[in-house]
Amino acid sequence: MDYSNTQTICPFCGCGCALNLEVVDGEIVGVLPANDHPVGRGSLCIKGWNAHSFVQHEDRLKTPLIREDGDLREASWEEALELVADKLGSIKSEHGPDAVGVLASAKCTNEENYLLQKFSRAVIGTNNVDHCARL
Amino acid sequence: MIQEIRDLVSEKLKKLDGVVALRKTDQGTAPTLFQEGDDVSQLVLEPRYPVAKTVSKLQKRFKDAKFGVVARGCDTRALVEMVKRHQIDPDRLYIVGMACSEEQAETCYCAEPAPDLDPWPEADLVGDPVPGAPPNPMVAEYENLSREERWDFWNQQFTKCIKCYGCRDICPVCFCDACSLEDPLWVEPGLLVPDFPMYHLIKAMHMTTRCVACRQCETACPAGIPLTVLYDLIRKDVGNLIGYIPGADADSGPPLSLTLADAPIDSELAK
Amino acid sequence: METNEDKQAFEPKVVAFLCNWCSYAGADSAGISRLKSPANILPIRVMCSGRVSPEMILRAFRSGADGVMVLGCHIGDCHYIDANHRTVKRVTLLQNLLGYTGINPDRLVLDWVSSSEGPKFAKVTRKFVEKVRELGPMAEEMGKSLPASKINVLVEEVTG
Amino acid sequence: MTNSIPEFEDAKCVLITGSNTSEAHPMIGTRIMRAKEKGAQVIVVDPRTTQMSMMADLHLKQQPGTDVAWLNGVMQVIISEGLADQEFIKERTEGYEDLEAAVEKYTPEYVEEISGIPAEQLRQAAKMYAEAERASIVYAMGITQHTSGVDNVLSCANLAMLTGNVGRPSTGVNPLRGQNNVQGACDLGGLPNVYPGYQSVADPEVNHKFEEAWETELPDEVGLTVVEMVELAGTGEVKAMYVMGENPLVADADINHARESMKNLDFLVVQDLFLSETAEIADVVLPAASYAEKSGTFTATDRRVQLVHPAIDPVGESKPDWEIIQLLAEKMDAPGFDFASPEEIMDEIAALTPIYGGFSHKRLSNGNVLHWPCLSEDHPGTPYLHKGTFSRGLGKFHGIDFTEPAESTDETYPLILTTGRIMFHFHTGTMSRRSEKLNQEVSEAYVEMHPKDAEQIGLNGEKKVKVSSRRGEIKLAARVTDRIKPGVVFIPFHFAEAAANALTNSAFDPIAKIPEYKVCAVRVEAV
């Protein structure tokens, strides 16, 4: 029997409104505005009020997937990461690092974007890293 | 007052399954369910959140649990209306009533800043009740406007509406699973600005006999629409015509669901 | 400039919610007695005036009605015993609410008409249509500037 | 944004262009509404009627793709009427003569010919903006998504500098970023030409700094943009792509072409919450945790860095993106990817990124609001930029001439298509279309067209239509409304099954490489 709110930042537009995710026993049941935040000041738009609704949607990917004979099948993390490491490594050594392109994300955190561009530049060895800022 | 409430909550947590109140952490402040062993020093009293709604949600989910809630005057009025509409079980609820200060009452134009705890089987009051604050001056000003001026005023106000449904979502006495505002028969979906008068008048009509004047809808309105000017006017009519003040009288049911014998209205047509 | 001619030319559209057990039959009985009731009325039969929700009334206005009538059974005669007790409270409050938002509350009327009251039906409908004619078109009253319709798809109009 | 969101409330004039603010950035839209109630004048320049334009003091409806022309026109009026801020120009800027020469011919009458904006309205707008004590320019993708995107942006900057509306509260040039962390993704080096903090990859000193810190050799040539990567995937020069939380096959311009190109890749990895249109063609799909399942920071459009907190555990076996990258780097035996938490990553960011130098998770907790540049632990952050001086010293005016959009209408494709967002959905819809409440507001794609154009093609009421361009066609519902100009149609781009980007032109701005989403020629037929 657990009910609490976690204050976080809305995943939609760039306004950066804070919102509270209402959690009951591990299930996000709703959203409350953050009354002490300088942008929303206790209000949200319809997207913010519904920012919880896709999080535990049944369509969420739950395991890694690997394409085999044309179709995607479930795989373990170990197998999937092994394959990715292997493939990226061999393409890099065969065609050079610039044969790899990396897309960072306007929906991921700063820390994640930092890490991905570091991965791209330091591990793959390419500046081919971009994201959809223009789209 | 805060220490008194924290002590009371700690004490009561020994017997209750939890107490709904605001918790302040390094993330911010929001409602939470305090349970025995939790750090009650994180319990705070500001800002306002619709705790009556939270209590209703939790009572429905945990059907045997008995909860407590730290409630202001407006919260207890909302709880009263929710009991009448079978959204709250009063026998499974303990209330720590918190008397608002004069300043708090003034900010909210609150007529009854102290919670009325008489109807509740189990409740305690903390703080010294202060008298009601004067009403929103905009209401009196509004009554002097001509029909055209009124139309222009609301036209302008509702043009700002961004259809967030925040006024409904924050409202402590709105609870229906199926909402008229989301029914395409009444309100054309997907339109911005939402249809006036449909969207706003349906909402206002649904508030007539249940608005407890907590004014959280105005706080939640990103566009700053003074919704409670409209709701205060219609509340006054409900008081004058039907003699009903939402949240005040725990014994009489929602008047729009009752017969004329049980809830008469002052009208020629009612004879 | 509004001229007399314009006023003459304006034929108000009035939606009338009629109770199956009384006013709907009352309209019939008016017809049988060859009592003239105005052609401006668009009747909608409902099983009880208590069924008429504020949503229905508002939608009639939104769809272009210049006036809305709710005609039910007299208090005490309701087919469902006391369902019309709710109607009187609901419509009264809605009238007030309309007034507060700047819509003339006279455009909404509630009355009781039994199945035998053909003459009353003819009278109240005629009187109401005249009243609405005097008030003029709803669109004009609202300054033709419904905020929503300015940018939204035009919704359907009441026909008839 | 040069200025922060709360500042809008105290502006005396807000000029909004290429932004449907209340739908795409609702909390900024409502701030501007407050500003108006407090006496600000609001000017909207947009070919569509929007909620903001309805309450604006002035609504100028320009022909899509003519922004440089009307902006030059506004400046021409300001200069010729003596409304320019001479002191600001003298002390803080250079290149004014170039600007003066370039805008001279853009008289309101000439601008009317190009843009369709009545000359008198343009004059009014110019005066309103120039005479205001504090005037703020707000724009979004309606300014940038053009082949002349950079010119448009520079023109906005010209206008702000011309009137001294930079470097003070409630003024500035304020591009509204469309996604919750698009600002952060740029700030943290998710760009082919810069390291975190906009430090150039081509600068040997910078390169050296990062090589030292990351203990490896680093490339110093500018990399490919997303548009170029997709293009070179088609020709086989790019063999593999790694996509984290993006859906280019709905978001890119001319997606039919993009799909063919990306299918040509030897290896495609997609890391996402859902099996997006892009994930569907991937070789490996990695399940990522959502914003509600991880910690870290997001940077809002006004450079405000804020903490994200996990509300629940990751769904299924999904993992936060930072963990996935670390695991992958470990598999590739790369050092420097053994952070225990995002908090530790932020410490490395702060050490290497001057503008983020003062940030740490600890400092950002307790609702502490900080805007970058925040150079050190005791730096208070910067709510508005360019106070006293520009980052390059003097602000540079650019004399810019109007150029036509890449594509123009003809007999076969007589209408101009412009794309955008609506209130109830977000970007490619992978998140918002899975929300019952949002989907019940709008569940299918539609095209808005003017009654005159609808009549022309024999459309009665709401019906299905086919919209085609030189690149593709889609079928969708028609909404006939006079909120749009005759000759222009609008399609929201959230709907993969009738994707507006099957039609859009991938021709892009030569500098910013941003595709021209906002102008392409189409034909609409009843079906």
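Letters A, B, C and D mark the chains as written, and numbering starts fresh at 1 in each.
The definition used in the following text is that a residue touches a chain if its C-beta (ideal position, glycine included) is under 8 Å from a C-beta of that chain, and two chains touch if they have at least 3 such contacts.
Values in this document were obtained by computation on a predicted structure and should not be read as measured data.
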Quiz item: If you tally contacts for every chain pair, which pair is highest?
Solution: A-D
Self-check item: Farthest chain (mean CA position) relative to chain A
Solution: C
Practice problem: Determine the centre-to-centre distance between chain A and chain C, using the mean Cα coordinates as centres, and give it in whole Å. | Solution: 55
Quiz item: Whole-Å distance, chain C centre to chain D centre, using C-alpha means?
Solution: 50
Quiz item: Just how far, in Å, is the C-alpha centre of chain C from the one of chain B?
Solution: 33
Quiz item: With chain centres defined as C-alpha means, what is the inter-centre distance between chain A and chain B in Å?
Solution: 37
Practice problem: Mind pulling the residue numbers of chain B that touch at least two other chains? | Solution: 27-28, 159, 162-165, 192-193, 222
Exercise. List, in ascending order, every residue of chain C touching at least 2 other chains.
Key: 147, 151-153
Quiz prompt | Per-residue multi-chain contacts in chain D, two or more chains | solution = 26-27, 30, 51, 54, 307, 309, 367, 423-424, 437, 441
Quiz item: Hey, which residues of chain C end up touching chain B in the complex?
Solution: 54-55, 58-59, 61-62, 75, 82, 85-86, 88-90, 92-94, 96-104, 110-112, 141-143, 145-148, 151-153, 155
Quiz prompt | In the complex with chain B, residue positions of chain A that touch it | solution = 1-8, 18, 20, 22, 24, 29-30, 32-37, 40-46, 48-49
Quiz prompt | Residue numbers on chain B that touch chain D, as the complex places them | solution = 26-28, 156, 159-160, 162-165, 182, 189-190, 192-193, 222-224
Practice problem: Would you tell me which residues of chain D are touching chain B in their complex? | Solution: 22-23, 26-27, 29-30, 33-34, 37, 51, 54-55, 307, 309, 365-367, 422-424, 437, 440-442
Quiz item: Which positions of chain A touch chain D when the two form their complex?
Solution: 6-18, 21, 23, 26-28, 36-40, 43-47, 49-50, 52-57, 59-67, 72, 77, 80-85, 87-89, 91, 95, 97-123, 125-135
